[in-house]
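Got a structure for you, questions after.
Note that the chains are named A, B, C and D in the order they appear, and that numbering of residues resets to 1 at the start of each chain.
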Amino acid sequence: MSTPFLEVKNLSVSFPTEDGLVRASNDISFDVARGETLAVVGESGSGKSVTSLAVMGLHDRRSAQISGQAILNLENGPIDTISANPEVVRKLRGRSMAMIFQDPMSALHPYYTVGDQISEAWRLYNDGDKKAGIKRATEMLELVGIPEASKRVHEYPHQFSGGMRQRVMIGMALVNNPSLLIADEPTTALDVTVQSQILQLLREMQKEFNMAVILITHDLGVVAEVADRVCVMYAGKIVEQAVIDEIYYTPDHPYTIGLLNSIPRVDELDGKRLLAIPGQPPSLISLPPGCSFRARCTFSSQVPNNLCATKVPDLDNKYGEHFSRCHLTEEQLKKARVSTGAQS
Amino acid sequence: MLKYLARRLTATFMVIVLVSISVFMIFSFLPMDPARLTCGKACTPAVVEGNRHRLGLDVPVQVQYVRFVKGIFVGRDFGEGAAKFSCPAPAFGYSFNKHECVTTLIAEAFPVTFSLAIGSFILWLLVGVSLGVLAARRQGKWVDKASTAFVLVGNSLPTFISGILILLLALKFNLINPIEMGRWVSPFKDPIGWASNFILPWMTLALAYAATYTRFTRSNVIETSSEDYIRTARAKGLSEKVILRKHTLRAALAPILTIAGLDFAGLLGGAIITENIFNLPGLGRLSIRAVLIDYDLPVILATTLLAAVFVVTMNLIVDILYAYIDPRVRVA
Amino acid sequence: MSQVDLIEDESATASIVQRTPRQIAWTRFKRNKVGVLSAAVAIFFILGAYLAPLITRVMGLSSTKTYPKTLNDYAMPIGHAGGISLSHPLGVEPGAGRDLLSLLLYGSRISFTVAFIVSVASIGLGMLIGITTGYFRGKLDAIVGRFSDFLLSFPGTFMIIALALPLRERVEALGIARDNGARIIVLIFFFVFFGWPGFARLIRSQAFSMRERDFVMAAQALGASSWRIITRELLPNLWPTAIVFLSISLPGYLAAEAVFSFLGVGVQAPASTFGLVLSDAVTYWRDDPAYLIIPSMYLIIIVLSLNLLGDAIRDALDPKAVAG
Amino acid sequence: MSGSKMTTSHFRRRLVATTAAGAFLAASVLVGTATSADAATAKVTKGGTLYFITQQQQFDHVDPARVYTGRDIAFFNSYLYRNLVSYKPTKGAAGSSLVPDLATNTGVPSNSAKTWKFTLRAGATWEDGSAVTCADAKYGVSRAFATDVITDGPQYLVAALAIPTNADGSSQYKGPYKKTGQALYDKAVTCSGSTITFKLNRSFADFNYALTYPAGAPVKASKDNGDKYDLRPFSNGPYKIATYKIGDEMHLVLNTKWSQKSDTVRTPNADDIVVRFGLVENVRDQIMLDDSIPNTVNLDGLQPANNLRFFADPKKATQRMNVYDPYVRYAAMNVSPGHMTCLDVRKAVFFAMNMQALIDLSGGTIYYGVPGDSPVKPVLGLDYAKTTGNIHDPAWNINGAPDKAKALLASAKSACPDVYAKATDPSKGISWDLSNTATNQKASVLIKTAMDAAGIVMKFNFIPSGQYYSTVMDPTKQGDISTAGWGADWANASTVIPPLFIKGGGFDLSQASTDPDYAAFKALSDKALGTTDRPKQAAMWKQLAQMAMDKYWIIRPVFGKGQFDWGSKVGGVYYWEPQGTYGFGQLFVKN
């Protein structure tokens, strides 16, 4: 694999609140290369978005405590977006790294035409008048597959459908050929049919621009379509990280196993029950000692010495590039996969 | 858009007609007898009757209303014989207390009230909005705390206290020319005289209103700042300055427009307390004196109606402006 | 309050406290030092107002008695700062020589009573009309909507001034009340008459959107009656709005009552309210400034504490709203 | 600033001291007065601008036929319009004597004073240079008959001229605008050369006093524009109106067509006279206290607290005067059925009253006035006599006599149970009308305190000050007791007793006509009006005053005082007794 474009090292984000320190993401490390798609998966509240926003430098530094590194390997040298001057980071946004968000309904400014909004992003880094900006915006709209782009460029967000709006968002994010695109649940708010169109578009765009893509989602089904590698997050920590096939075929963490079991599969509708993971994720303010998934884990009793309750498991690579954070032995995990039907 | 405008205009017109009828009815059926109240010192039944005729109150109320409306369009004659005279259209009646057509009285009072309203409006918007934005940007810092204190004081101080305190302080430190205080000076002839005449009342009103606007702006800016599209703007790489100016403020200030429009309209109808404290010959003083001192019915009717017209018209203007600012409203 | 910039991690906070909204509100409120302090101050003054007879009796004072010995030959208070003494802690009123503390205690009682009744009544009316029109919509909504537009376009302050006297005469002629009783009734009537549309509008829009929410839809699907939906589903969700509105309108009406008696259309002597005392005090500002300053401060402290309390309540009930 | 603060004149009409009684009264009445000696000693300087300041928004009226308050009469008579006769512009009792003005004499009565002749002097001109003619004088008087245009003015001329009346008492002549009954008027008032003759319907020995009112001043018919004439009357005096804007200012400039030769009454000193209206009370007082505009005359008087301060300042000694004004302030008992029909209750209210506190409230006996014993003020020397009873009753106490009041109430309980019940039932009570001013608000407190001590339940009806008199003069709206004030129109109690107590007299707030003893009172009053023998008439007025006091139709009269103040550069100030105000004509601006 080529040099990663983004290297995230020991990234932690926490928020001081009235009730205590919320450790939203904790000691996160991953990397992603150009042309590669990394999926970050987890329930809401697991710290996916917090992590990506930290990479983008979008947290309000007055309310968020951030430590660790997020290094962008740019042509003229690496920059750590966590420690760099906010003004330097700002100038990377939109150009070197871009982001699209979950709800295209609210992510576009309701008072400006889509053309204005795309043109604004382009003109930030390119010399050109308004007219040139609109021309560029029209090209982008055509590129992301919006019909009658030259007419619609003058329309307002509320005049677009959800899927079309997400296309606009993608067009806007890509207008300056960014090297990294973070897509934060880009399809969650959309119809299923539109979802796959958007994912298709993302894939095309990735090829076209040779981007590194981080796809944040809670939907493992989406992951299967586009991702090269997967990071599974739980309660602010990465619990498992591996290439896509290994995640699907040999999940190494009970939480991943649980997630996989909760995906409805078209090929297995023959009366097999969907298995939800019981219980709630723990409070991020007072994480219990030991494994944070313990309370919901059906296998924790198999670990001797009550280890799950006392020691936080390390993120070990059990084999190759497959990391997971669990006290269970490989043998026990194999059984677990079989018992829950995750192993097929 | 045109259809919407036409519909709104009709509704506005209907409200004005309704208000005029109800104001007319309310004052006609009051147990007050203007003929007697303005009858004077040698008041005999014959004089009261003559007075009633003079005031045009000796005919049924619907006839009075028709005369009133007709006067607005074609003007109106008063008096008889050699003492006859007329008020040209639009005539809202004649004040026998001030010996002047009501339209003239209003035309003289309006610039005063308008000056008062526009000046304090600009002052409170400037102070309120900038303080609100500043407080929102510097949450928890001293600017925020100072503005909070300002808001609290402004909100808790009724204008009749703050106005008097401002006046008394100005008197104490000889900041005003007492004999010229409150006199109307045209801003086109003597802008400095005009402004110096209005500065204290502007401050009084601005203190009361700016507080509300600071509070409102602050919470709107904070709320808007957490909108997704602001995050989008930030993700685009826009600088904070541009985000604030172009993205946050436009969305945060749009709702303020509605309140500002109504507050402004309310003031145009006459800032009764402020005008009286500072002796400004505006609509507020005209109307309150017409009610409490002279019981000058034509003036009462006209000023009440005018105040209502300001409110409904400003409502219309605000709605149109809002549609201009927020494209989502336009399709409706 | 601090800014919890959790973006989409609401669940994180939600999972921290598993308490009822009321408990959450209470906890939040208790944590707000300014709120607690202002509540204490407000309660102090409210108690003062309603225990006025007791307090004055204990102090050996009366609000209706004059103390001629405290005044000189020109009816100005003898002594410093408006005649402040052990027996008259806030001094005496020039001219008539009544005890200022008693006047303010009894005066604030009238002000509080008017403000309470008006706030509760206009909120009650606004709630009733707002929910009904917001929930049932249709023709009723259109009619009530136009009517409140019409009311809102009326110059209310001016109408109150113009109509207070004749209406009072009506009230007296009907034998409902006399003198200040009638004046208070008229004032309350007007405040409520011009006050409800604003609140009804707010409630209407909330009821309107709530109508489309899942829990109401669910109730409708289960065949619940409109009455049941309104009382069991809508009302409990609207009461925080009502409480917040109450806390905002209370100091507003308190000040409004003062303004109208200042203008001479509210309560009149021999009773005494803030407006009356202050309008009188203005003429003595040079010779007896304490008589202007003390009642002003008294009123401002009350309004201030109620405003602060209102903010605290709003913060406690609606953490998303950011107080100014 | 507020309704409660805006006051208009609480009193009507004027008071005149007779020449005969003047000497005695001037000494006894003007106690504590610091009258300016400027008029006599300071050298009069010409030129400059004289300012007048007032919180009023406008003069009640400017039209000569409609002006009816002493101050405004004095003001306009000094500057703008001339009457046939005038009061002598001088201080002291001499000021109450009549002098010829436009006429060459003070009138020649004949036919038992039923015909009066005045001859106009030559040389008097209007501001356009045209001569003031007899026709102008005749036209001026005729305007008072146009009651649908000319309101508020005195009705003496309308009532006195020999013109038939309709059944409702209104004149058959409707004034010069409608010209209805013009022939009747032309018969009653005739011009022959420069001599004007008035034919009256009764003997009117002091008719020439009635002509000191501007209502008798000439008006040039071609300049009369009805209601609008109230904004800019055509001048024949030393000044003319340059501008008059209600709520702002009136600016008078010298009338170049006026010649000193034709006028023995007026001496224009200042070049410009500016009246500034609508000053906030605090601002107005500040101007006077700081002397910030030294060439200013205060038309209003100061607020009580500031008044005390101003009068205590030795530096202001030559800028103030404190005098008995023309008015008697009193409380009228409404004796009509359903109201205060019970004499004992009326007396109880009187004896319960704490007059000392009420007087102190308004400035004490030095600045407000002293307890009086008659509706007629002592300045009307001929017609005033000390009465018996009321404040001379041994049981009376200036601080209130609650025990006496209780005793009276006790006797009322059996004599008139219904009024007693009303006076003592907390749910009913006696209603007292007051104009809504800050001072009255406090007065009500003092009254209530005193009444509580006597067991009388008193309620107060505050009426917006501008509507006070028109409200209480409406019998359907009048309460049980109404506060009022009255001053004689000229030195004859004929301008006090009948207006106050005779039905249709114009100011009969006591509704005395409903009293069982009214017939006797009316008979005597009518007899007095018809008596031309002045001492005999005076005796009757004294008797009538005693009757009114014995019946307690009015209670607690106060012989009022007034304070006047002006800036350090104003000279020539004196108190013009008959008008109860400044002698405006002699004011000047010091260098």
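In this text, a residue touches a chain if its C-beta (ideal position, glycine included) is under 8 Å from a C-beta of that chain, and two chains touch if they have at least 3 such contacts.
What you see is a predicted model; the values in this text were computed from it and never measured.
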{"item": "Comparison of C-D and B-D (more C-beta pairs in contact)", "value": "B-D"}
{"item": "Most centrally placed chain, judged by C-alpha centres", "value": "B"}
{"item": "Centre-to-centre distance between chain D and chain A (centres being mean Cα positions), rounded to whole Å", "value": "92"}
{"item": "For chain B paired with chain D, centre-to-centre distance based on mean C-alpha positions, whole Å", "value": "40"}
{"item": "Chain C-chain D separation of Cα centroids, rounded to whole Å", "value": "47"}
{"item": "Length of the line joining the C-alpha centres of chain A and chain C, rounded to whole Å", "value": "51"}
{"item": "Chain C residues counted as touching two or more neighbouring chains", "value": "2-3, 5, 161, 262-264, 282, 285"}
{"item": "Touching two or more other chains - residues of chain D", "value": "1-3, 282, 464"}
{"item": "Residues of chain B touching at least two other chains", "value": "139, 160, 164, 168, 273, 288, 292"}
{"item": "Interfacial residue positions of chain C with respect to chain D in the complex", "value": "64-66, 68, 71, 73-76, 93-98, 161, 165, 178-179, 262-265, 268-270, 276, 279-280, 282-288"}
{"item": "Contact footprint of chain B on chain C as seen in their complex", "value": "2-3, 5, 149-150, 152-155, 157-159, 161-163, 166, 169-170, 251, 255, 258-259, 262-264, 275, 278, 282, 285, 296, 299-300, 303-304, 307-308, 320-324"}
{"item": "Parts of chain A lying in touch with chain B, wherever the complex brings them together", "value": "56, 58, 62, 90-95, 98-99, 101, 103, 106-111, 120-121, 124-125, 156, 158, 169, 172-173"}
{"item": "Chain B - residues contacting chain D, complex", "value": "33, 36-47, 50-51, 53-54, 78-85, 94, 96, 98-100, 160, 164, 167-168, 171, 174, 176, 178-179, 181-184, 273, 276-279, 281, 285, 288-289, 292-295"}
{"item": "Chain B-facing residues of chain D, complex", "value": "1-3, 6, 8, 12, 51, 53, 57-58, 68, 146-149, 151-155, 166, 168-170, 176-179, 224-228, 230-231, 246-249, 276, 278-280, 282-284, 286-287, 290, 292-293, 296, 464-467, 469-471, 473-474, 504, 506"}
